[in-house]
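The same subunit A turns up in both complexes below, where it pairs with subunit B and then with subunit C.
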Partner chain A sequence: MKSKRRWKSILTLLRRALSFRKGTAKIGIYGPPNAGKTTLTNRIIHTFVDENEDVGTATEVPHETRRAVRRAGVTIDLKAKSLENPNSDLNSESEVKPKRGKAKLKLDVVDTPGLATKIDFHEFMAYGLEEDEAKRRAKEATEGVIEAIKWLDDIDGIVLLMDSTEDPYTQTNIVIIGNMEARGIPIIIAANKVDLVDASPQRIANAFPQHSVIPISALKGENMLDLYEEMARRFR
Partner chain B sequence: MHKCLKCGKEFEKITEKMLKGCPECGGNLFLYIRKGKEASATDLVDQLKVEDTVPLEVDKIESLKILSPGIYELNLDALLERKEIIMKMKENGSYVIHLPSLFKKKK
Partner chain C sequence: MEIKMNLISEDKINSMTSTEKLRFVLDGVKSGDIVVLEGGLTSEEQMKLIELTMTEVDDDFSGIEMSGYPSKKGFLNIRKKTRLTVIGPAKMMHTTKKDKDLISAIISAI
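Moving on to the complex of A and B:
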């Protein structure tokens, strides 16, 4: 199994070396339910494509996204964006000092359903859903997890989103990171929800020291420039 | 022979008093020693014989377990490693292999 993994990893690296730069990178936004994947994807689309376009609806109910949604043809052009809005930090609602970036990256963004090891319809009933509806949603969410994992075969890089207020040592995070490392797929970890008082992005950085961890708030738009620059650097 | 692990006092038999702790020091951990000689950790290790190979735990093959309608358990490792999706239905030992996932052509 290990040698198979190694071959897969070498093949992926070769494929990327030969073709990555000429085309568009397919970037998957992965993470556990409620980490903010749809909010981040919407933020990217609003910033670089159309501020009125949403790929999905972000709610507090887990597994709101149950099908992977691909938005093709997004160009992250930080130079153009900073010229267009010289005084803004790319839609940030925070008082962050404006920065200027120059990075450019063409990509397809894939917003994926939240990865989980157990899906129980009772979880949805706690949000007021009827039993039948909750069971239907649980089934769709399970299909969604499988779909999200199958998408990995076709992805060039992932942004693994984690909730900074939660413990990062989860089976889901560890399995995904281990598998991506074995496949040779580049990962950026985005420590989301840093706008919340109990957020601890440092805990995530300590847990996965071998990876870039960018603290962000996809909701408030904090530190997005750092994330975009890291994406352009790693996924180009 | 029973030996108190706290004070080292040895007792031939367990008495009712000892159930509440060592009558000497009150310690409540005792080591049973076979008659003849005091067992040391080294002796015990030497006495161990590996006669049978320990069977390895068989990897869980199922990628998805349906515990009951609406409750699912996903094995992310199996989903990431295997091409095919194997479902385990409840705990009765029946498995379903999702054939389209097995025969799907690689892009």
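Moving on to the complex of A and C:
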């Protein structure tokens, strides 16, 4: 039985290896609640599709995204972008960096609800929600977690977003990474919120030394070029 | 108030199917027990446990706290060897520190 499962896993890996480069890759933006998944997804859409289009609303209330949202047909074309606007760092509000990107990648971006092992409606009440509304949101949030897990079956690669100001060594992060490794799905860790003073992307790199860790600020647009280049390299 | 801990041997865990393991763990945690599994759960089983937990979250049960040592590479670096996993009710258990070989948690009665 175990050997049958192992063969199935090897066949899945081979199938992925052979088919990944042919079509459009479905890339999931995963992470715990409030890591900045919707902000990153919006940043990608603003940069490469339409600067007025949002896939969702980012707020400080956890589990704001409670349904996975797929934005199809995004082309990350760094060469075209750098020709279009040679002095920008792809929408960065930070210092200008020298341009080097020529990578191109077609993908569907999937903004997923935050993964969590617990959802307590009292936490929403702390943000001023009435009890009934908090309970409704908690119920939707549990459904969102299940939906995010189910999406893993259809994902070709993931950007796992972590908050650089938080301890990265959480069981949720470990479980996501373990699952991706077992499925042979490529993974990039984005250490988000590096614009904050207590950010420590190095702590994330130390916790997961076997994976690429790209420090970014999705909110400020810092270091996005590095992330896009890594996405184009790993997900093509 | 007393807190019950169930320390489950690897042999006992290995005699169960994945579904039985998850049901066993969640039933224990929902009754307020802390469940410690020698040999632990695989990351796939942990993901299924999160999924199963989410179907059972309600006003009284807010979910689980789970901590485990990461799995070790096994034979020829192919098969992974899982290690200890500890699971408790989210309202009672709070992990304070965790690294590759250490888990510190505070467990308090509701």
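Keep this in mind: the second predicted complex is superposed on the first by the 225 of 236 C-alpha atoms of A that agree within 3 Å, B and C clash if a C-alpha of one lies under 4 Å from a C-alpha of the other, contacts with A are read in each partner's own complex, and residues count from 1 in each chain.
Just so it is clear, a contact is a pair of C-beta atoms (placed from the backbone, for glycine too) under 8 Å apart; a residue touches a chain by one contact, two chains touch by 3 or more.
These numbers were taken from a predicted model, which means no experiment stands behind them.
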{"item": "When subunit B and subunit C are modelled together on subunit A, clash or fit", "value": "clash"}
{"item": "Contacts of A:D50 with subunit B and subunit C, given as first, second, both or neither", "value": "neither"}
{"item": "First (subunit B), second (subunit C), both or neither touched by A:D154", "value": "first"}
{"item": "Which superposed partner A:N179 touches (first subunit B, second subunit C, both, neither)", "value": "both"}
{"item": "Subunit B versus subunit C as contact partner of A:I119, first or second or both or neither", "value": "both"}
{"item": "Contacts of A:I146 with subunit B and subunit C, given as first, second, both or neither", "value": "both"}
{"item": "Touched partner set for A:Y169, first subunit B, second subunit C, both or neither", "value": "second"}
{"item": "First (subunit B), second (subunit C), both or neither touched by A:A134", "value": "first"}
{"item": "Shared subunit A surface residues [contacts with subunit B and with subunit C]", "value": "115-121, 135, 138, 142, 145-146, 149, 152, 171-172, 175-176, 179"}
{"item": "Partner subunit C, residues of subunit A touching it in the complex", "value": "6, 115-121, 135, 138, 142-143, 145-146, 149, 152, 167, 169-172, 174-179, 181-182"}
{"item": "Interfacial residue positions of subunit A with respect to subunit B in the complex", "value": "1, 115-122, 131, 134-135, 138-139, 142, 145-146, 149, 152-154, 171-172, 175-176, 179"}
{"item": "Complex contact set, residues of subunit C against subunit A", "value": "42-44, 46-47, 50-51, 53-55, 57, 59, 62-68, 70-71, 78, 80, 90-91, 95, 98-99"}
{"item": "Subunit B to subunit A touching residues, read off their complex", "value": "63-64, 69-77, 79-81, 85, 106-107"}
